[in-house]
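Here chain A shows up in two complexes: once beside chain B, once beside chain C.
For the complex of A and B:
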């Protein structure tokens, strides 16, 4: 279980609290939606859950242990713009090898991508294709939870449906839990087991 | 007001050495916008939506070559005429809020847009237009970095509408905005159309554009595959004629969330026949060898052999 307990956060001691005393849990194999308006702290909460930001108070636990300080994190975060999440000078196989130790061709199959992409550079793929590469990279053997922050907001409906169908199959297979952040209520209603509003979580 | 017929855009670039290469990025675009109408252009990214806007205004980069016909108010649009009428008779709401001058106060930017559109300096009413879009009066004294994303979008809307432009091209005006701000901007666009302007709304967000559009033109791989009335996008999409339009409609999370396998073809390797043939479940032999012509339908036109 990925558990955030009594999390509070502000960007500066003189500024207002963005998150105040928030608790939430994600179980393996479960998809939890997180919605809210822009500026309400959805991404901030995602970054805290993934260990990119340290909360001012409260703690994160993964299956009863704190997040590791070094090495591969069991909680992986995926962002809105895949082209900013990869090294533009690396070929796809090198990008994937950051997260995937084993057979990359199998992974490409699972994600409906042509194995010939492995030799290309990021700018030679479309946004939807590159986003699937980024998701594939995050599904290494130690990954237990995914934080998906608006990962299909800039894509058309067909590509969005493609990507979420792939994620749903892959996480069921690996028993991974997902925190899906989005402003699109229709999307969250479709993919989530449970949907939370950040305003209701904030105390 | 505006009609586009068989519009194609090519980019020339150099491969190794002095070998020239020509890439066809959009081909045979068809489109028409009338006074009082909102026409939405929908399609995936890379389908040529923004290029269309830039071709109409004549602001494509130097290595672009445009062919086809653009008519505005009944006369052909030539590069010379584009320079004369853009900003005055037709205006763009650009995609990026980075298009605002970062070092100029908002009031001055709006005044400048007004003067460039042909209004006398002392007749530009900055406060009026700020109020019309629900921005407080002191916004005029602010710099772009002091605005939230939603406010900056409304300022872009103000710069495009402070003049007397009859055609407004809005390029992704609601991208990245949350529900309330987005529907606010959309209703302003609808209002402008109801006042007699023509609006071309470019967006990848089909479901939101349907809130205000009269017609929807669907783009795929640099071509217009269908023009349909906004009402055809309902139920299971049975009133849509092109398989791609139907797939796009049925892929929305609220309508079934059905994916289609494969991806949009890359522009240098477009299929010889119909651009959607590699992903279509109705593909027959003819689809693979011949581009389907434009055929009229009850609500517009379609480019498909099976419609």
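For the complex of A and C:
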């Protein structure tokens, strides 16, 4: 169980609280949606849950243990822009090998990508293809939870559907819990077991 | 199967190929120059008063000077000396730049403050005056020139490397890498180095022309090498006295050769920069 307890956060001690006393849990295999307006702190909450930011108060636990400071994190975050999430000087196979140890061709098959892409550079793939690579990289054997922050916001409807379709089958197979952040209500209603609004969480 | 017709035009259109070709061509010219410098006989440096002030002909293709020394020999030797001094000075300068740039970005705080202050200090002083001062303080001669050029040319590159590292450390993919279990040294060698090495290489090659020109400049105003060494700066400053008497080849040919070599380094640097950036070549 990925658990955030009484999380509060602000970017500067003199500024207002962005997150105040938020608690939420994600169970293995469960997809939780998180929606809200721009600037309400969706991404900030995601970054805190994935360990990219430290909350000013409260804590994160994975199965009753705090997130590791070093080494592989069981919580992986996927960002909105795949081209910023990969080293532009690396070929795809090297990018994938950073996250997964096993057979890359199998993974490419699972995500509906041609194995010939493995030898390409990131700028030689489209945004949708690259986002699938980034998702594939985050599905290493130690990954228990995914934080998906607007991961299909820049893609067209068909690609969005395809990507979420592959994600759903992949996470069901691996029993991974997902926190899906989006402001697209239709999308969240389609994929989520439970949908939360950040305004309702904020106390 | 599609047949590919290789023509002059298709080669020129292939950016990767032209880049590699120009790099090879530049390196070949420099290799040829240094081999020529080693193998050319010292005979041409001897004074021969019967053959003085000859204009370029079949025997002395670059002519002779007012002491009857063969200008081709002097220019080849001079360019070689410039090459050597430039290499050492640019090498040291680049090392300083990379070290200070990395320290500045990775340690931050007080270290960063001090290094930035030093960069500003060095950049705010007039370059040539500073160069003369340092090479004079370091004892003049070849050693003075090398030290002078090495310790005055690092600030611009140090600033570039500092900015590059700072920007890299904030990228998403490096933050993701640590969440995927990469250690700090892993991030350093696999993510940072591939971005720094091209800066290092290109920075060094683009420093080279500066180093050579400043060496020639220092020798020209008499602060650098001793008058009997065959150096481009000295050849040029000697030729000043003979320009008005119509011995044009004493100034024009060495000047053109120096310009040619400096331009070649410029081309080499720019092509290597394109070569190491996959986006430019394959986009």
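Things to note:
Keep this in mind: the second predicted complex is superposed on the first by the 203 of 203 C-alpha atoms of A that agree within 3 Å, B and C clash if a C-alpha of one lies under 4 Å from a C-alpha of the other, contacts with A are read in each partner's own complex, and residues count from 1 in each chain.
Throughout what follows, a contact is a pair of C-beta atoms (placed from the backbone, for glycine too) under 8 Å apart; a residue touches a chain by one contact, two chains touch by 3 or more.
Everything quoted here is computed from the prediction, not taken from an experiment.
In the superposition on chain A, A:162 contacts chain B only, with no contact to chain C.
Of the two partner chains, chain B is the only one touched by A:112; chain C is not. In the superposition on chain A, contact of A:173 is made with neither chain B nor chain C.
Within the superposed three-chain model, A:52 lies in touch with chain C and out of touch with chain B [touch as defined at top]. Look at A:141: by the touch rule set out above, it reaches neither chain B nor chain C. Contacts of A:189 after superposition: chain B is touched, whereas chain C is not reached. In the superposed pair of complexes, A:121 makes contact with chain C only, with no contact to chain B.
The contact surfaces that chain B and chain C form on chain A in the two complexes do not overlap at any residue. Per the touch definition, chain C reaches chain A in the complex via residues 171-173, 175-177, 179-183, 191, 194-195, 278-279, 282-283. By the touch rule above, chain B contacts chain A in their complex via residues 43-46, 148-149, 175-180, 204, 206-207, 247-249, 251-254, 257-261, 263-264, 266.
Every residue of chain A that touches chain B in the complex is listed here, in rising order: 37-39, 112, 126-129, 153-162, 164-165, 183-184, 186-187, 189-191.
Remark: chain A residues 50-52, 70-73, 76-77, 79, 81, 84-89, 98-99, 121, 123-124, 137-138, 140, 142 touch chain C in the complex.
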